[in-house]
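So that you can tell them apart, the chains are marked A, B and C in the order they are listed, and the count of residues begins at 1 in each.
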Amino acid sequence: MNFQAGKDTLKRKFDTVGTRTPRPDGLDKVTGRAQFGADLTAPGMLWGMILRSPHAHARIKSIDTSKAEAVNGVHAVVTSRDFGPCPDDVLDIRENVMARGKVLYDGHAVAAVAATSRSAARQALKLIKVDYKVLPHVTDVDEAMKPSAPILNRKLFTKGLDKTPRKPSNIAERFEFGHGDVEAGMKQADLVIERTFKTEATHQGYIEPNACLANMGSDGRADLWCCTQGHFMVRQVCSALLGMDASALRVTASEIGGGFGGKTTVFVEPVALALSLKASRPVKIVMSRSEVLRASGPTSSTSIDVRIGMKKDGTITAGDATLRYQGGAFPGSAVPYGAMAAFACYDLKAVRAVGYDVIANRPKQAAYRAPGAPMAAYAVESVVDELCKELNLDPLDVRLKNASSDGSKASYGPNFDVIGLRATLEAAKAHPHYKARLKPNQGRGVACGFWFNFGGETSVSLNVSADGTIGLSVGTPDIGGSRASIGNMAAEELGVPHDKVRCIIADTASLGYNDVTDGSRVTFASGLAAINAARDAIGKMCERAAGIWGIPVDAVTWEDGAARPSSPNAGNHEPLTLADIAAQAGATGGPISGHCEINAEGAGVSFATHLVDTEVDPDTGYVKILRYTVFQDAGKAIHPSYVEGQFQGGAVQGIGWALNEEYIYGEDGKLQNPGFLDYRIPVASDLPMIDAVIVEVPNPGHPYGVRGVGETSIVPPLAAISNSVSSAAGVRMTQLPMSPPRLLKALGRI
Amino acid sequence: MFQIHVSTSINGDDTEFSCEADETLLDVLRDRLGLTGSKEGCGTGDCGACSVIVDGRLVCSCLMLGAEAQGREIETIEGMANGSELHPLQQKFLDHAALQCGVCTPGFLVAAKSLLERNDNPTEEEVRYWLAGNLCRCTGYDKIVRAVLDTAKEMRKSPKTKKTAAKKRVKA
Amino acid sequence: MNVISGRIPLQYHAPATLKDAVNLLANSKGKTQILAGGTDLLVRMRTGFSEPDNIIDVKHISPMCKISRDGKGFSIGAAVSSAEMSENAALLKAWPGVVEAAALIGSTQVQGRATIAGNLCNASPAADSVPAMVAAGARALIRGPKGKRKVAVEKFCKGPGKTVLKKGELVEAILLPEKPARTGDAYLRFIPRTEMDIAVVGAGVCVTLDSKGVCTAARVSLGAIAPTVLLDARAARTLVGTSLDDPALDALAAACSAAARPIDDKRGTKEFRIHVAGVLARRAAIIARDRALGKS
């Protein structure tokens, strides 16, 4: 009974879907009972702590741990020697979680201890002697690309070029996307604008630091409790790093205090396991905030050139971009996504985006909400805005004129299915915000954004209890209310009230494999799997009803939570509700459950348009956000409150990125601001209410029309705010963040 | 071990504990008393996830030593509901979906409670400034601010809720 | 802790009298630090910048927990929190600039604990309450083994993290004079957000006007633009004899920018601080003037 894509299902009327039901984990979270990564303790537990490099780039000549081992209360000390051979695909992670031979950034882990108290662990860390030979370092992306730059990895030869170079460099790979003749397109334009932009690295800034509790025995079996976006990923990676069977490691996902992509990889988990193995005791590691900022993944910092040609009537004739992203000390920045997403909002005849993945002496980047796309959109949408200004055109009209629509060829290759970009632009144009009056020193900015959205491998198990209630096990950690949405979809499909379904996140031993909670995939993919699992269970319940009634199963249908004869020909039987069938399950063949294991496709891309008004203080460069409205296509908003929450949260993260958040490195290559006092995320008093307008253009790839909504909301803000500030200040800003000193300088005041 | 013996009151319960001098109240609550509702987002006073009320004043438990709890009255998130009866703020946070991941929620609730005890009719701006020391990365604060304003409105309408909410447990 | 390094663990003391506190401070071995609100000290301990052997909590010394007023002025005990200052109507009425500056320190949570004496003793050039205290003519009452002494706040810090306190000395209270007639004070700081930041620049202004609105006395202070908070006499002179009109305010701004000798750091650039020092002094002077005129 698996779902077949079909537009008819999109028109259906819903009972539970689309309503604002209470969330299943709500009570625990308002009473302090919910257990997050750092909240679990185990008998005999030790505290693990990690020693980190004070240098941006250095050779480790020796590590002497003997004094640390002698500290009373210390039960284990580990270094890279405790991590043996491992498969190639996790080599970089192995080196990132514990430096081997070289430290590659300020904060890189070099050793770890486990002790009976935190103070003993702290003392022990101080007694570990590491002898470093400091090497020259580079942290800026453009500097890192220069032939004269210090080389981080002598075995790195740029991939993606016609000929592999003979000399190593910090450029890991070149990517190119696009179609058509860009130069010919530029010639058709009445105006071509070319600009270079720079953006600083930002951190996901989740409020819960990474934490885990590991318990590993000498029999090679282990349990791990951690806050992660993907406990199956944690199992795969950690078991590979520790040389254990994947099934010997059971990972349980705790409640997770934010991730935004930052918890899609491992940092402390393998270290805790190694310490636990060595100490034969459970070990808890909780990162401090400064460790989170210094050593868990921020975004790339970038440098981007964009050239766009436009006709006087607003037609874009060609787009061209070169994107350079440093992704920290290892290859794998999100530059390919950035290059693919850069022009995705536009239906262009000629387009090209070239990306360079660059390494530098910074922490290994991790995904951050629509990884790579916000910076690319910032650059492209800034140039489009400038073209509109120069040609005296309305920025929404120009976007409507060039917008990608159903069937148009995406700048990164495929043709779009049914998409909602136009609908968001039209909603913005019709909104009172767009017509509201502005005062002096105020400006309005518009920008669009795109994100792919993923599906991916997903398993769901749905168990019907004898009393007719439902246990729903999913394997995608709930990061913002997804248990409510997925449970509601199952309830909808089964035809039972939402509070009869309890949705939980099952551990890795209890459910089939699940990809990470990322790519805005959870409500789409786990929801799809939950619907399929419900349909599987419904099929079985129809069989039971058919048996009870003594009629063929194809003469039974499921409607409003009950099995019914499909036509009068099937006989005159009273409907059997889910509870009726569940009560008789033992007598009719045993327990009833539904399953779905899929690799979900058809995620349905997502677009948004943001409108923002700002005011600039021309004497200090201070920027105030006056008004903000998000218009985004959600396909179908399963739980509107959490859809709005995603829009609002993404917009505000974008505000931080645009105005004040940045990784500041000193000349010495050390991070200057590893704390929330100087890594400045927006606080409540910085902001107005964020209006969230949900646009619904159903995704034909999902039975209810769902599109992921988690990521797109961070794509437009950087550009929208930059356009707004540029307009308020009367100067074009080309660097993020637009911190007051930068803005005042651009204004010519200093 | 050089441990300090401390007698204090937590959510109305007389409580005794021993701690080292450099342990913060947050360390004590979480690691010695099992009260893990207060969260550590930073340990340096910047995020407010560890907010508690000490002798009627809102503070960061990460910026106070456990030893300083001697003789004080401490209120944490675990004491906010009256048994199964949620504090109006807790209920409104649920109604308004004012939490996504929920790790900041205990701190926000404790801080908002302290605001409403002082000012039952705060403006949006007052709410935003009072809560500026509580960081939330998920929600953009919109629904949190709405939930607080709505709670204030409701508590003004029915002084009874206000009283039950403010009611302290009598000390044994 | 039986650690191989042999370090004796931290000791916490909570004396009930000033005398005991001074004795402990004078006679304890190793590094001893006063704990007032702890909002600097605990952060420094947590981040490994400070490892005291002894901590003396002064919050059990009742005279240090009070704001009192005699004929000569206010005495703000060194354990009084910023929140308590904001709740003191008389103090707020007399010295709104000082109270507001104290209320800028950190969040609501931090203000529940932070003291202005701690703000001063921490000796950060960016401390918010310090320029305001300097403009208001505050003095620190110091208590030590040899008795009491009073030091003008502008002379208290000798450099970042360095003060005039000698071994065994602590600050008992901050003393503010009674406010002269037709006097107003104000403090403004620049931060890139609205809250939760350390001042990039700060400016304090206190002016006294005559009955015609002409300035007869002024004190202008600047924070975060030099190793310590500056009291700038030249900037003050631009105001005296004027009615704080535009030319006078322009001259004030220029003098403040000229006096600033900041550094580039993660919080702001040199040129930004120089410019904004003038902007803020001008804005603070307007508020101070209006307060002196009884307008606000």
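Throughout what follows, a contact is a pair of C-beta atoms (placed from the backbone, for glycine too) under 8 Å apart; a residue touches a chain by one contact, two chains touch by 3 or more.
No experiment lies behind these values; they were computed from the predicted model shown.
> Count the touching C-beta pairs: is B-C or A-B ahead?
Greater number of contacting C-beta pairs: A-B.
> Relative to chain A, which chain's C-alpha centre is the most remote?
C
> Which whole number of Å gives the spacing of the CA centres of chain A and chain C?
About 44 Å separates the centre of chain A from that of chain C.
> Just how far, in Å, is the C-alpha centre of chain B from the one of chain A?
30
> Which chain C residues reach two or more other chains?
1, 9, 47, 194-196
> Can you tell me which residues of chain A touch two or more of the remaining chains?
Residue numbers touching two or more other chains: 117, 119, 675-677, 682-683, 685.
> Indicate the residues of chain B shared as contacts by at least two other chains.
Those would be 20, 22, 43-44, 46, 129, 131-134.
> For the complex, which residues does chain C have touching chain B?
Interface residues on the chain C side: 1, 8-12, 14, 35, 37-39, 42-43, 45-47, 55, 57, 59, 81, 83, 106-110, 112-113, 194-196.
> Could you list, by residue number, the parts of chain A that touch chain C in their complex?
Those residues of chain A that touch chain C are 67, 70-73, 117, 119-120, 123, 126-127, 290, 619-622, 659-660, 664, 672-673, 675-678, 680, 682-683, 685-686, 739-741, 744-745, 749-750.
> Flag every residue of chain B that touches chain C in the complex, lowest number first.
1-2, 4, 20-22, 24, 43-46, 48, 51, 54, 57-60, 62-65, 67-68, 70, 111, 114-115, 129-134
> Going by the contact rule set out above, which residues of chain A touch chain B in the complex?
My answer: residues 20, 22-23, 25-27, 29-36, 38-39, 41, 117-119, 204-209, 255-260, 286, 288-289, 479-481, 641-642, 644-645, 648-653, 675-677, 681-685, 687, 689-690, 692.
> In the complex, go through chain C and note every residue touching chain A.
Those residues of chain C that touch chain A are 1-5, 7, 9, 47, 190, 192-198, 200, 265-269, 271-272, 274-276, 279.
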